[in-house]
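What follows is a set of structures for review.
Next come two complexes, and both contain subunit A; in the first it sits with subunit B, in the second with subunit C.
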Partner chain A sequence: MFKEKNKRKVIPWLYLVLPIGLLGLLIYLPVINMFRYSVTNWDGIDPVRKFIGLRNYDQIFHNPDIWHSLFNSVYYFGASIVQIGLALFLATVLSYGFRGFNVFKGFLVYPFLLNSVAVALVFRYLFQGPGITSSAGGLDWLLQHIGLGHFITQWTGNSSVINYSLAGVSVWRYMGFNLILFLGSIQSINPELFEAAQLDRANRWHQFRYIILPGIRRITALSLILAVSGSIAVFEIPFIVAGGANGSSTFVIETQRIAFNEGRVGYASALAVVLLGIVLLVTFVQRTIFKDEQVDLV
Partner chain B sequence: MKRLDAFKVTIYIILAVICFAMVFPLIPLIFAAFKDHTEFYDSGPLAPPKNWFNFHNFEIAWSQGDLAHAFFNTGILLSVSLVGTILIGTMTAYAIDRFDFRGKKAVVWAFLCATLVPGVTTQVATFQIISKLNLYNTRWSAILLYTGTDIISIYIFLQFMQSIPKALDESARIDGAGHFTIYFRIILPLLRPAIATVVIIKGIAYYNDFYTAYLYMPDPNLGTVSTSLYRFIGPFSASWQVICAATLLVIIPTIVVFLALQKFIYKGLSAGAVK
Partner chain C sequence: MRNRLVAGVASSVLVASFLTVVGYTPAQAAPAGWCKQITVLTNRTDIAPTTFTKVYGPQFTAGPGKGTKVKFEAFTNYNQDVLTMMNTKNYGDVLGIPNSVTPAQFPKFFSPLGKSSDLSKIYRFINEGSYNGTVYGLAQTGNAGGYDVNLKDWKAAGITTPPATPAEFIADLQKIKAAEPNVIPLYTNYATGWAPTAWTNSFAGYAEGPDANNIQAKDKAPWTAGKDSYIGDDLLYQAVANKLTEADPTTTDWEGSKALINKGTIATMFLGSWSVSQFQGAGPNPQDIGFYPIPVKDPKTGKFQTYISGDVKQAINKNSKCQASAQAWLKFFEQDSGYAYSQGGINPYIKGPNGESYTIFDKLGVEYKSLNPAPAGHDSDLANVQKASGIPTDGSLEQSIIDTARGAKAGTEAAIFADLNNKWAQGVASLG
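Coming up: the complex of A and B.
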């Protein structure tokens, strides 16, 4: 019996060796190495890594390009707020379950499932001005035909517009995801609450305010966390749609460029450490704020 | 006659407008894919193609743009990574849920904390590890990264396994089954719904991933659907109608899968996000 018990303590490790090994190798070791590289001037190839203290970090603080790319996250964060608001509205409306709503739901969610490069190319073509064809692209065409022709601009060629265009793509692509989360959590609210509200003649606004809103607090908090860390770590949309050009570069694009095109692994690691620090800080702050917000409805 | 419900009508109008905005970006691209070079240049973006059966652009994209090869490569990555992710996820969940052992809490914490580190932040250092393992420019780089850093699947399996009664294991053990038989013959088959969820959400994620393949497999022979499509930008920039056709070819499988598995996809997406 004693032997059997001991055996049961060893067996789980047989199953965990590989998963934990990979976790350590591919997540924890890189994090540790990142800190180690960040205090050197390593180029990624040289066998010798020269220790240079905090000079890389000092350089980050004095590099306006980096600050500019970090500031670009603000556009995407603004976009996420729009996205969450829109998703919340649409989820509430769709939860009424009128006829044909499943079709609408499909149209709202499908962009989230599309290949990221395909999405980028769709918008590259949509945003273009006259050039590759004799007339301008689809977006200009639409604006002209609904009488908003004076808004036409170089969507990705104008550095004061490009980040709005790209943030718009981000809303188009990711809104469906928030919608699914909200809808799922609205549907898990006890239906008796809605029945009771109807008996009490509560109108739709009251139902939203006093049943739906408290019921989806947790998922709203989660969406906000994802929004902040997501907008700091934006990469694919500006990289593929615009190549990070015209002032659309983000922190991650800068880090990639410095690490893999310029071969300054030490400096890039310092950037990555800063990025990780910001993400962890934001997550931590939000988790503390929303900690006591878990209202139990039933 | 029912009274026309103004509230309902308003809602339908709002939904229709928003859905139009969701579909509109694709329309010029779909039209362009069927146009020949001169028609593409001369006609407006919202002018439907003259001939809906002009598949010339698709043929060029498929053969010259090497999309055929790209689908093959993505297919390999997808199937191997899914098997790997299912095995690793279920093994981890089995060990954590079915056994009591010293260090269990630490193990759970190690996995939980790892979710706080966004993958995109650590690639500078991960890249060095992949190259030291001599996996740069091999399929194994992507497979290893997909399977080894996937904590969401572990979480999904763990959640589901908690609902499988432990009495099943016990009675099997009394019948003389070993731990591996229990894992492989009892737990794994019962996890089928969770496996389906993981296959759907991870399948979509792998098919759509650009970053991993772009960074670790620049060799055009290993090009995935994403990176091969990305490589259309240079050589085909004088014939955007071909790029449009290629893009459409990449989008179509997703739409087909979405239409077929809509319900499961909605479920899978919420299961994967709520941690």
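Coming up: the complex of A and C.
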């Protein structure tokens, strides 16, 4: 019925119709609406949306509370650096292919595969102190039994500790993701390079520094970009473990609180647009610094 | 050719199942306004599957419902979830009005139920659910201001009468802490968010009189010493600063706390009378749960007082095709179901029996009062000022007060109140 040549041109587009349609409907359309809402003072239900120009943006830049919640992202960014370092170390060790390394790989990657809400709920109970309803919470019990009882503190109640506790949960949860990326990348480096290096009597550290690191440069850059944009947009862990209370609130938690608890959807949309701008800016800066060059290993 | 046939069948099945999932079914045929089933939205996740579905629902279906079945949908985050649903036309047939809907918005979402002047002869708390002389929502039960105590714990500390001033309240909590070190004198339920809002909201009228709401709608500094809003939040601050509350507020457990106040591990919880029946039912000691009046006596008469107000208002979705069924359910629920009585509350149906939480009040001769309604045309003022001020109503304000009082957050009480006054003044100014 259709000419073979035309069919081949058209069929790829037909395959794309559904995904692009869903992308447009569920992502681009809401984002365009978000820009529209951000110049109104809509409360989320009123049929009337009053246009107020850029007043929301003006309010944002004069409100110190919002920027304070953005500051909490620094804790998560620090945690991401630890996470990347840890993942890199473990990926390098795993890449040497010792017996049983698949088991270790499974254990280390498994947390990433879990549902993040489930993880946060479990940690919420782990962080509970010796409450009035039960004996010591999971983490306190463990510390007591291995003799580190003097480290026990109120993991979520102590406001100077809470962000570190939550950032720690984030590291536990997401390290598996970085590990997979690094491991795959390391394993794709030509093994002849390692053999040649061993013949030149290079030890593991030299191999790491001169072969592995340059070889996975692209993945490292990608991980850093994801770490920054991920830290700015943290939501589930602080929200479920502590409700964003006690100084653990992040920019996204504040945005959703303002939108749905206070009923100021217009203002919250403006906040979301600002967040989008920040992430785009950071990505642009990183792309300029880490230029995407080809790396020649030979 | 065969491949095309298979593809055609597969895609039709896909489309059909997609449409079914999305909810496209042919309209139910029924006499005008009456439906085979109505949906009622509720925040009572605890009793929706039991009392509502098994008792009230079938009673209605067999009686005034004329065969209409009732389906109950309960939400834990009721306000947020229902607000999102109200963006569409499908938000149940009967629902509780979410907190942040202002009276001026009532006509946009809910069906009128009648004139205020007529319905106020049948029901209490009419002005809370009306706008411009028309009623849109009926309170599902009535609450009296006060707080819950475990009578055994208070007696064991040597306290026989309820405290009459905020200072006495703090002193009594300190007596409890000294006499019973294993008892938490006051449990804030910080982690729920909504529970601590009682501190800000429950004192309206006690110091400033029945016109308090109308005064506050114009007041540029309501958080000043001697005024209602100040008294409540200051009392919370003092209680936390004096270490009379739980050690780690971030890990409080609402459902667990009901059993604990029944057992006696918790001595006091600051919540309205709606909580009394829940605490009584949570353990083996219902006789130990008492309800004390707010520690602010009427300056003129020197007696304890309590302001009664409506609980959540039940309203009918304007877009519902089941108006007659919904109205029948609403009437049944308010007048015949016995819900208000079972909650121990003041019955919104004037002819109905009041619940039994108030025996202590009657012994003390507590005066029952109501706040005055807003003057005509100003029904929405207080709600509008609240919205424009940007002061959160979801508990984050009270959480902030608790954090500052226990030293987890930098700041002082004076600074918090100054900031609140500032924001409220801006809200008042925006009314014009």
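One rule holds in what follows: the second predicted complex is superposed on the first by the 266 of 298 C-alpha atoms of A that agree within 3 Å, B and C clash if a C-alpha of one lies under 4 Å from a C-alpha of the other, contacts with A are read in each partner's own complex, and residues count from 1 in each chain.
Everything below uses one rule, namely that contacts are C-beta pairs under 8 Å (C-beta built on N, C-alpha and C of every residue); 3 or more make two chains touch, one makes a residue touch a chain.
For clarity, every value in this text was computed on a predicted model and none was experimentally measured.
**Q** More residues of subunit A are touched by which chain, subunit B or subunit C?
**A** When the residues of subunit A touched by each partner are counted, B comes out ahead.
**Q** Figure out whether A:129 sits in contact with subunit B (first) or subunit C (second), or with both, or with neither.
**A** After superposing on A, A:129 lies in contact with subunit C but is clear of subunit B.
**Q** Would you sort A:158 into first (subunit B), second (subunit C), both or neither based on which partner it touches?
**A** second
**Q** Who does A:90 touch here: subunit B (first), subunit C (second), both, or neither?
**A** A:90: touches subunit B, not subunit C.
**Q** Looking at the overlay, what does A:44 touch: subunit B (first), subunit C (second), both, or neither?
**A** Both partners, subunit B and subunit C.
**Q** Examine A:288 and indicate which partner it touches, taking first as subunit B and second as subunit C; both and neither are also allowed.
**A** The answer is neither, since A:288 touches no partner chain.
**Q** Touching A:16 in the superposition: subunit B (first), subunit C (second), both, neither?
**A** first
**Q** Quick check on the superposed pair: does A:110 touch subunit B, subunit C, both, or neither? Answer first, second, both or neither.
**A** Only subunit B is touched by A:110; subunit C is not.
**Q** Is A:260 touching the first partner subunit B, the second partner subunit C, both, or neither of them?
**A** Both subunit B and subunit C are touched by A:260.
**Q** On the A-aligned overlay, A:247 touches which partner chain: subunit B = first, subunit C = second, or both, or neither?
**A** A:247: touches subunit C, not subunit B.
**Q** Where on subunit A do the contacts from subunit B and from subunit C line up?
**A** Shared contact residues on subunit A: 44, 132-133, 260.
**Q** Taking the complex as given, what residues does subunit B use to touch subunit A?
**A** Residue list for subunit B touching subunit A: 7-8, 11-12, 14-15, 18-19, 21-29, 32, 40-46, 88, 91-92, 94-96, 98-102, 104, 107, 110-111, 114, 116-118, 120-129, 144-145, 147-149, 154, 179, 183, 204, 207-211, 215, 225-227, 229-230, 232-233, 237, 240, 243-244, 247, 250-251, 254-255, 257-259, 262, 265-266, 269-270, 273-275.
**Q** Which subunit A residues qualify as touching subunit C in the complex?
**A** Counting only subunit A, the residues touching subunit C are 43-47, 127-129, 131-133, 154, 156-159, 162, 242-243, 245-247, 257, 260-264.
**Q** Would you pull the subunit C residues touching subunit A in the complex into a rising list?
**A** 79-80, 83-84, 86-87, 100-101, 105, 108-109, 184, 190-191, 193, 246-251, 253, 256, 260, 265-266, 387, 390, 392-394, 396, 399, 403, 408-409
**Q** Which of the residues in subunit A come into contact with subunit B in the complex?
**A** Those residues of subunit A that touch subunit B are 8-13, 15-16, 18-20, 22-23, 25-31, 33-34, 37, 44, 86, 90, 93, 96, 98, 101-102, 104-118, 121-123, 125-126, 132-138, 141-142, 172, 177, 180-181, 183-185, 204, 219, 222, 226, 229, 233, 235-236, 240, 252, 255-256, 259-260, 265, 268-269, 271-272, 275-276, 279-280, 283.
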